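Before I ask anything, here is the structure I am working with.
Every chain is named by a letter (A, B, C and D) in the order it is written, and numbering of its residues begins at 1.
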Amino acid sequence: MDNTDCLDRLLAGFRGFKAIYYEQRPERVQALVEEGQHPSVLFIACSDSRVDPAIITHAEPGELFVVRNVANLVPPYEPDSSHHSTSAALEFAVRDLGVSEIVILGHSHCSGVRAMLDKGGNGQTDREFIAPWVSIAAEAARGQDAVNDLDRETGAGRAALRVSMQNLLSFPWVAARVDAGTLGISGWWFDMQAGQLHGIREPNAPFKQLT
Amino acid sequence: MDNTDCLDRLLAGFRGFKAIYYEQRPERVQALVEEGQHPSVLFIACSDSRVDPAIITHAEPGELFVVRNVANLVPPYEPDSSHHSTSAALEFAVRDLGVSEIVILGHSHCSGVRAMLDKGGNGQTDREFIAPWVSIAAEAARGQDAVNDLDRETGAGRAALRVSMQNLLSFPWVAARVDAGTLGISGWWFDMQAGQLHGIREPNAPFKQLT
Amino acid sequence: MDNTDCLDRLLAGFRGFKAIYYEQRPERVQALVEEGQHPSVLFIACSDSRVDPAIITHAEPGELFVVRNVANLVPPYEPDSSHHSTSAALEFAVRDLGVSEIVILGHSHCSGVRAMLDKGGNGQTDREFIAPWVSIAAEAARGQDAVNDLDRETGAGRAALRVSMQNLLSFPWVAARVDAGTLGISGWWFDMQAGQLHGIREPNAPFKQLT
Amino acid sequence: MDNTDCLDRLLAGFRGFKAIYYEQRPERVQALVEEGQHPSVLFIACSDSRVDPAIITHAEPGELFVVRNVANLVPPYEPDSSHHSTSAALEFAVRDLGVSEIVILGHSHCSGVRAMLDKGGNGQTDREFIAPWVSIAAEAARGQDAVNDLDRETGAGRAALRVSMQNLLSFPWVAARVDAGTLGISGWWFDMQAGQLHGIREPNAPFKQLT
């Protein structure tokens, strides 16, 4: 593939999407355009190309409001004037769209988790943004005891996921809705090797296999 | 649907994904697990539930490294110790994964763009994160002359998209690769009403219909 | 693959179908089970593994009533006590289901059409059923002049398609509905090399590109 | 929908198929066109719009050679000069393509099975082709004892499926390959209400749940 073949393929895929969603069965998309989006779920997932939320849950347009960042992290509540990408999306999903569920999706084989363990952003010393970003959960991730590398990564990734869930609850308008029973939060762990999902509904609960 | 029906549906969708990608045709996912991801494209898209990159380009697991935030914004290069979600993903995609293309996908009917025009985060005065976040492009968005509301929104959204492309080029390791011809950048505008994509390859170029 | 690997894959595919159509979005299939089928279209297609009607038209369960036989042939009206597979399906679709359209789908690279030209069922002299079956349209197929082999096959296949359309009209309850304007008939020709559909609405009309 | 809306939708679906299979990922279809089809499985299924083999097994182009007729019947071996649709496809699949597995797919809620029980083709006395066609298995179907209507239909449908499997073995070139261990035959029963598959590998074996 030369430089733009990958774009040509995406454009061809878009034509397939258009034929099916606009020409063959336009009712669904038309309603989403005219009535706006009303997703029930905010999904916070990793940017990793292998864990697309719509693909792994077979979701349709309109079903998932999605944040994707490195290592599916939620930073703590820090209302200042900085550019808080994830917090802004969280605020919009909870306060404006009124989602009833938030799912943070962690996964095995995550480079972001490895960066937490490396302490240095993928083993590279000149990285400017990765280490500060993954520092959100790095201490918790490195606190894990582990028997071997894979277990260490699993433990680290799940520890980071628990931190993000706790950080979720540091946002007052999240905590209030969770307390009121109008918002549920989940941490899901996708084992890419086995094709399994494990999950928790509270930051410190033990993980159980969901499916 | 009660509170968790939407989660049960996502778990059922995951079982469908597992049956097809792990049991029926496992070769592809197995390779992605064993050999790691090698996506060619970084996609920066909106969190909006109607513009899932994998759905609208019919991409497969492994093809797109994806950032999703409100209004598909790229902040300017600010290498400090803050938690820069989008910049960290950009750094990882460009410097570690070595993607050859970056696509920023804007879209019509975007609440984030409306928040830029409202000056106040969806018309709500008590929002803490949305206004600071969309301030990245708000000035440019509000600078648009417009005949009617929809045109105003289109102009604002495209102006914001140009800002994000310019901000991309403020990252020195992005600009260097673009100059060297090893990295291409695109701004795509998805007209949700018409089902069309328009695009630019440079921040100040005129938009052309792509498909 | 050993002998039954191909079956294991089909069963895995069925589990994917079940997860998605029975567990994730059961509404559609439930209605089809409870209310019965009401397809608008009878599709008469070739058994060839490359021309599955549901795949090439992206149809959903319940949309197409389908006959598939070698070379997508319709035999002439012969109401006797023999086992007429295609005529029985045609009768059920038209008289019981009341479809409003019949599409006969021919295609390039068809072994059944080649058997017509060979006069002997795929070049084999000991075949018992293929030659009598394709004799329905063999004379018409062999009547084509052709410049080269591919053109000869295209001409032969389209001539056979015209015969099937004429045979359709030999069924009195088809002809009556076509005359009354309550049933439409189409011959579609799928060019597998180019990915194009050409079609006719009357047996002797010239083929036009449909898409 | 007016008379041809359903066709316009199928043509839109075809454009989606073309965009995805010819433009986005052409490798697979190109190989199928250039190298011809090599399916491992012959699928004999009902014409019912709800039991499309490709949909319910999530098969791809090239994987299933498919016969579809009313009630997924296989007539007995009768090598004469008549137009034997199903036998011709069977012959081509076994002797020319050399498939390694044949699956006959029966299903619940089958109008063809009901026609066997009615003795008269869907309760209509003027049908010309349905009754003779379903007579292939009607006697066996009516021989079932049953407690209630649904059980009676299930018993009748499975009895008809066993007849088709026995008829398969009446074809000498099928029986020879089965005896040699190079061809397997299966009867699958799709319970549309429950979303389950039950199956047998010999005509008189008890049905077991497959998935």
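Quick note on the criterion: contacts are C-beta pairs under 8 Å (C-beta built on N, C-alpha and C of every residue); 3 or more make two chains touch, one makes a residue touch a chain.
Nothing here was measured: the structure is a model prediction, and the numbers come from that model.
S.K.: If you tally contacting C-beta pairs, which comes out ahead, B-D or A-D? Let me know.
M.R.: More contacting C-beta pairs are found at A-D.
S.K.: Can you compute the centre-to-centre distance for chain B and chain D, using the mean CA position of each chain? Integer Å is fine.
M.R.: Centre separation, chain B to chain D: 46 Å.
S.K.: Starting from the mean Cα coordinates of chain C and chain D, work out the distance between those two points in Å.
M.R.: 14
S.K.: Would you mind listing the residues of chain B that make contact with two or more other chains?
M.R.: Answer for chain B, listing residues that touch two or more other chains: 13, 15-17, 19-20, 24, 58.
S.K.: In graph terms, nodes being chains and edges touches, is this line, ring, star, complete or other?
M.R.: Chain contacts: complete, every pair touches.
S.K.: Which residues of chain B touch chain D in the complex?
M.R.: Listed in rising order, the residues are 19-20, 24, 58.
S.K.: Under the definition above, what is the set of chain D residues touching chain A in their complex?
M.R.: Going by the criterion above, the answer is residues 9, 12-13, 15-17, 19-20, 23-25.
S.K.: Which of the residues in chain A end up touching chain B in this complex?
M.R.: Residues of chain A touching chain B: 1, 3-4, 6-7, 10-11, 13-18, 21-22, 29, 32-33, 36-37, 39-41, 47-70, 73, 75, 79-93, 95-96, 100-101, 103, 109, 111-112, 121-122, 124, 127-130, 132-136, 181, 184, 186, 192-193, 195-197, 210-211.
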